[in-house]
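Each chain carries a letter (A, B, C and D) given by its place in the written order, and its residues are counted from 1.
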Amino acid sequence: MRKVCVVIGSRANYGSIKSVMRAVQAHPGLQLQIIVAASALLDRFGSVVDVIEQDGFTPDARVNMIVEGETPVTMAKSTGLGLLELPTLFELFRPDVVVTVGDRFETMATAIASAYMNIPLAHTMGGEVTGTIDESIRHAITKMAHIHFPANQGAADRIIRLGEAADAVHVVGCPRIDLVSEIINGEGSDTDTEWLDREGVGGHISTEKPFLLVSQHPITTEYGQGEAQIWETLMALHELRMPTVMLWPNIDAGSEDVSRGMRKFREDYSPEYMRFYKNFPVETYLRLMKGAACLVGNSSASIREGAFLGSPAVNIGSRQDGRERGSNVADVDHERAAIVGAVRRQIERGRYSPEHIYGDGRAGARIADILSTTSLHVQKRIQY
Amino acid sequence: MRKVCVVIGSRANYGSIKSVMRAVQAHPGLQLQIIVAASALLDRFGSVVDVIEQDGFTPDARVNMIVEGETPVTMAKSTGLGLLELPTLFELFRPDVVVTVGDRFETMATAIASAYMNIPLAHTMGGEVTGTIDESIRHAITKMAHIHFPANQGAADRIIRLGEAADAVHVVGCPRIDLVSEIINGEGSDTDTEWLDREGVGGHISTEKPFLLVSQHPITTEYGQGEAQIWETLMALHELRMPTVMLWPNIDAGSEDVSRGMRKFREDYSPEYMRFYKNFPVETYLRLMKGAACLVGNSSASIREGAFLGSPAVNIGSRQDGRERGSNVADVDHERAAIVGAVRRQIERGRYSPEHIYGDGRAGARIADILSTTSLHVQKRIQY
Amino acid sequence: MRKVCVVIGSRANYGSIKSVMRAVQAHPGLQLQIIVAASALLDRFGSVVDVIEQDGFTPDARVNMIVEGETPVTMAKSTGLGLLELPTLFELFRPDVVVTVGDRFETMATAIASAYMNIPLAHTMGGEVTGTIDESIRHAITKMAHIHFPANQGAADRIIRLGEAADAVHVVGCPRIDLVSEIINGEGSDTDTEWLDREGVGGHISTEKPFLLVSQHPITTEYGQGEAQIWETLMALHELRMPTVMLWPNIDAGSEDVSRGMRKFREDYSPEYMRFYKNFPVETYLRLMKGAACLVGNSSASIREGAFLGSPAVNIGSRQDGRERGSNVADVDHERAAIVGAVRRQIERGRYSPEHIYGDGRAGARIADILSTTSLHVQKRIQY
Amino acid sequence: MRKVCVVIGSRANYGSIKSVMRAVQAHPGLQLQIIVAASALLDRFGSVVDVIEQDGFTPDARVNMIVEGETPVTMAKSTGLGLLELPTLFELFRPDVVVTVGDRFETMATAIASAYMNIPLAHTMGGEVTGTIDESIRHAITKMAHIHFPANQGAADRIIRLGEAADAVHVVGCPRIDLVSEIINGEGSDTDTEWLDREGVGGHISTEKPFLLVSQHPITTEYGQGEAQIWETLMALHELRMPTVMLWPNIDAGSEDVSRGMRKFREDYSPEYMRFYKNFPVETYLRLMKGAACLVGNSSASIREGAFLGSPAVNIGSRQDGRERGSNVADVDHERAAIVGAVRRQIERGRYSPEHIYGDGRAGARIADILSTTSLHVQKRIQY
């Protein structure tokens, strides 16, 4: 029985690998090991570890590895802290394969630990193109991974052009879409409105009326501009004055800038039409995405899950540059008037037809099957 | 004036960047910053930091970052330790560009720290192909670097195929060859024989007679086989019984295995024809390479400097698989009879004509010039 | 010229050592080195490093060393992170003596680094008795320190009973009191009210009317009870409904519990009579202490500076158990009715006469003089 | 059932706690948890972890935490590395009490991690007096420990004078003496001579003739003098020219100095009467102590186990200053003539009568009993 160790470092991470964890847990030839780390342990980011336990998973270890500060310095140090701790745990758990997601610093720590310890590394969400430092990190991780699970053929082609062996690249779709599919095909939940009122701070939000769902993160390579960037968005929202579900940013260099802008806006404008949330259960968030009149900000979700859901979206700034997108996305700069105009046009246009650019909802099962049967090896060689 | 920070982590590192350091130091538009780290600080590896100071350089900081053990676990942890410390120093020194060499764990720590801190990273020796974990690490570092200084056109082509922007790739030759050229064109040194007798342990070595120069390192992806591998080489040397200059291995996962084999051999066979060294001044080593009847082992020097020097070499095992090589190299497996045969054939054949596969001896000056003029930026985007 | 390195880890730390830094800077026989670390670097705790620079000091290095989480696990890890970084900086700066303050985890990291590196360690605020883990940490640091600067004779006696050499123990008073003295003897500042309105969040506070100054921190050995404890205080304040200057807690295991309680209270009760602050310039805070009708909470300032100022104070819970106190302090349990009663009695009673229990305002100069002349040695021996 | 976690960091540590581990394992009310760390994992120090497994114990985790270098800087950093890792493991294993031994840096890391995590800490070998940095570290650890197991009444008195509660101090004897007692009362082992010939390097040693057992470690507070110090001892041994069992030094700041001296001596003098060992099975070592004509060096074993065994011993230098000792010990300075004279007098004098200064051989069982019944609490308060 192969031991598959999944390292989860954030709420986004968890949503992106949950269907894989379920499929691994259910697979007779696989044993699931779970390490919960980084911001997934922090109250400030909604204690994702509690959600993981509520979902029926049992973490095998917890690793506090965030060096506080959310600056370029602390992101580098947090990677280092992960690299000091994960080897001890990998030695303890002796996984046959490690699974890591995306392009964050805990992903990098996981990748390097696996690489040096000669543990085959499987990587999801490789081969995509974005802005920010994530772009460099993601491709660097691809060069250390042994098994690749890109979301679509474009990403797969890019991985192969990066010199990876074609037979190690498996187009499976993005596991996040598995959850989306499940929610859409599941029954609607009346409890979400209760949840929205109970959690978060700010005004009451009615999802009966057309509402906006906003999520804007700092851009690590534009460090220091986060406050000005969010301010343009907030001024646009203040002109629109629609019911607005507003998320605090991810932990990252520059988060504090974005958060500071949001706090000032809240103090100065007391926007009664807006409610602030640290975190959402994945299901609630996806239902909000499906229900929103328009998604606003620079989250990848607008592009990835948005395509599958056909949700109108306004993508602001450079953070998602280069990411393949469907017709549901309108791109604008950090400029309040442009944001207002784009949101109004999207709302008028209404919902889009679903597009399967990032998967069809069956990625988790495919990944578990491949992990149970693929040959595992560690020596790599560039394919040119 | 641009501040150029060089991070040196081992004796090999230093030899590979010394001519660049000199050129940066001499350049009116550049200021040199030096961080000496990892095994370059350790007595066990010859206190390279002392050599650096004797050469007229002043280290700006020293970072002990080796987690002892030389296992896969400790290599990963050492990377982590570097990642915790280098950001503090980069923040202190505020370099405009960081220069890192090759594919070792301290190189990886340097690369990630620079990447997250938005400091442009220049990388030498990228784009080459080898065996071991170095292969993955090297290409991953390329994906984080902003300025590439490959040794030859083949390496440059590979870097561009990895999606790097062509105008960021500068074929300059390998700075190690600069030293080789200087030594060759310099006057011979009579003091080397004194040095050979004073340092090291074991029998007296006369370099008047045909002698062998042996350097064999562990292969991280073949962890656990190092003792058996060195044993084949030692048995071959014992059959040849020629004067032999023998190096202890680099610090790396598996070094202890190789060292143990060497200690046992020494205890059991008391080979009076062999002398053991921890470290060499770069100049002494190169003169030995030039003078040796045959180079033996799996060091990259036999291939890189060996081509320039025309030194007959026997390369053992997979460590240098994929590396471009000249006609001076004969490849054999870890098999004592094969090694004996290859060495005898090479000695009979004698010296080869120089080949400029890894540079012409002017890499340092070229790199300093480019560092002083190239536009510095941090956002990267894959070129396909 | 002796190099004196001060390591500052928090806003409280800085207030406790600032007069020493000034005196060292002014002393012809001493050179000041400053390392700013831990929460003193964090925006969330008011970026104390900026205050330090505004005060005319130049930090020699900054060390991010807080592992985020504010749990027992992360306090231990933060100590570890400090211990990995401080040795590199001590090696770089080569201080003749290191000065550390009090009993926090960054103090412990500083002490151990100095001890192992054979650097004489001077310690302020040793020999005092309190509750929480600080009690163990403080006395452990005393056992590693070489020069002791206790605030009063009681503390000095305790240090000597701990087996320290009497001639290494200097009763100098607490350097915090130096600042208190200076403020009191300086002119009043009209700008404070502007500051109060500009900074913080919540209602407008008039310091013309009798007002409360509240500061309550978690108790690390009562981890998990912080929210219930602050709630009793908040309910008492809500009954009193006086103008209230309210501080967020220090970073420590359990801070998040206290903060959560404060956030909930603010959301649920919208207390227009209360304003929340992350941090104060030391001067502003002391003037508030002098002006307040009553100090409330469990801060040591109520006891230490409070005695010198004669400020009526209500001390809640066990955090200050064992600390020597003047007549200005009334002790109560975490019980809302008891808190209300005690505050009302203190306000009725009015200001107390100053008591010099923690110093007379000239500690900084005394410490600088001793540091410039005392013999420095590192080998210690228990004195019994 | 109480979970008792023992952290083992070196070969000396293991010998000092093995009888406690056996007793805990055998106790119906206790469950043993074992973390093997630091030099106990290193091949260079004899892979003590293998011995632990051969003895029938199963390590629950392994923590590589030595930062290589053996300098003051790396000792501090190694403590930090331990502090980063142990909290993760303590959180995973949730021990009811942690047991730590003595005064080394891994002991300090264990103590601080326990203290901050509110885990009761039991400490053996506290209250003793020695030279070197160990003196400061030991008493600092006492100030963080909750349950004290001193070896004798003098040590217990000192712990109480340090302000510890008398009912937390249990005089049980030193667990090392349990092993000594067992060996002495067991049957002699003929296999030791085979072992002596098979292991180590150097000349053949006959234990039939009067032989010396030498163990000399660096003194951390006399850093830099180790080579000169060992040289005096080696010159004395060279004059005595008796069969000599010679140990390499413990890992500690300065070990490399001592080792270098030993390597040079071996190269220069080829002492055929001497054999060098990295490590001994505890049993073998104790039988050698019992059989030796004289113990030489600065190991605490000469004093502690030596008293129980009545072995003549020559203690050199300041490392054991202040430690209570029996009549079997003669103290001399680092001076070759003095060493030769003292050894000759001791050999002439012959064996001494056993003295129970450090225990009677039943410490392990006593400690297990107390750990199973004592009340566990974490808040401490100085007792004056």
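Definition applied: contacts are C-beta pairs under 8 Å (C-beta built on N, C-alpha and C of every residue); 3 or more make two chains touch, one makes a residue touch a chain.
Every value quoted in this text rests on a predicted model; they were computed, and no experiment measured them.
Chemist: Quick one: which chain's Cα centre is the longest way from subunit C's?
Modeler: So the chain farthest away from subunit C turns out to be B.
Chemist: Applying the document's contact definition, name the chain pair with more C-beta pairs in contact, B-D or C-D.
Modeler: C-D
Chemist: Using the average of all C-alpha atoms in each chain as its centre, how far is it in Å between subunit C and subunit D?
Modeler: Each chain's C-alpha centroid was found; their separation is 40 Å.
Chemist: Measuring from the mean C-alpha position of subunit A to the mean C-alpha position of subunit D, what distance in angstrom results?
Modeler: One centre to the other, that is 51 Å.
Chemist: Send over the residues of subunit A in touch with two or more other chains.
Modeler: 64, 73-74, 77, 81, 84-85, 87-88, 91
Chemist: Note which residues of subunit C are touching subunit B in the complex, please.
Modeler: Against subunit B, the touching part of subunit C is residues 61-64, 81, 84-85, 87-89, 91-92.
Chemist: Inside the complex, what are the residues of subunit B that reach subunit D?
Modeler: 41-44, 64-69, 71, 73-74, 77, 81, 201, 256, 260, 263, 267
Chemist: Looking at the complex, which residues from subunit D come into contact with subunit C?
Modeler: That would be residues 72-77, 79-88, 90-91, 105, 108-109, 112-113, 115-118, 129, 131-133, 135-137, 139-144, 158, 161-163, 220-221, 223, 253, 321-322, 378-382, 384 of subunit D.
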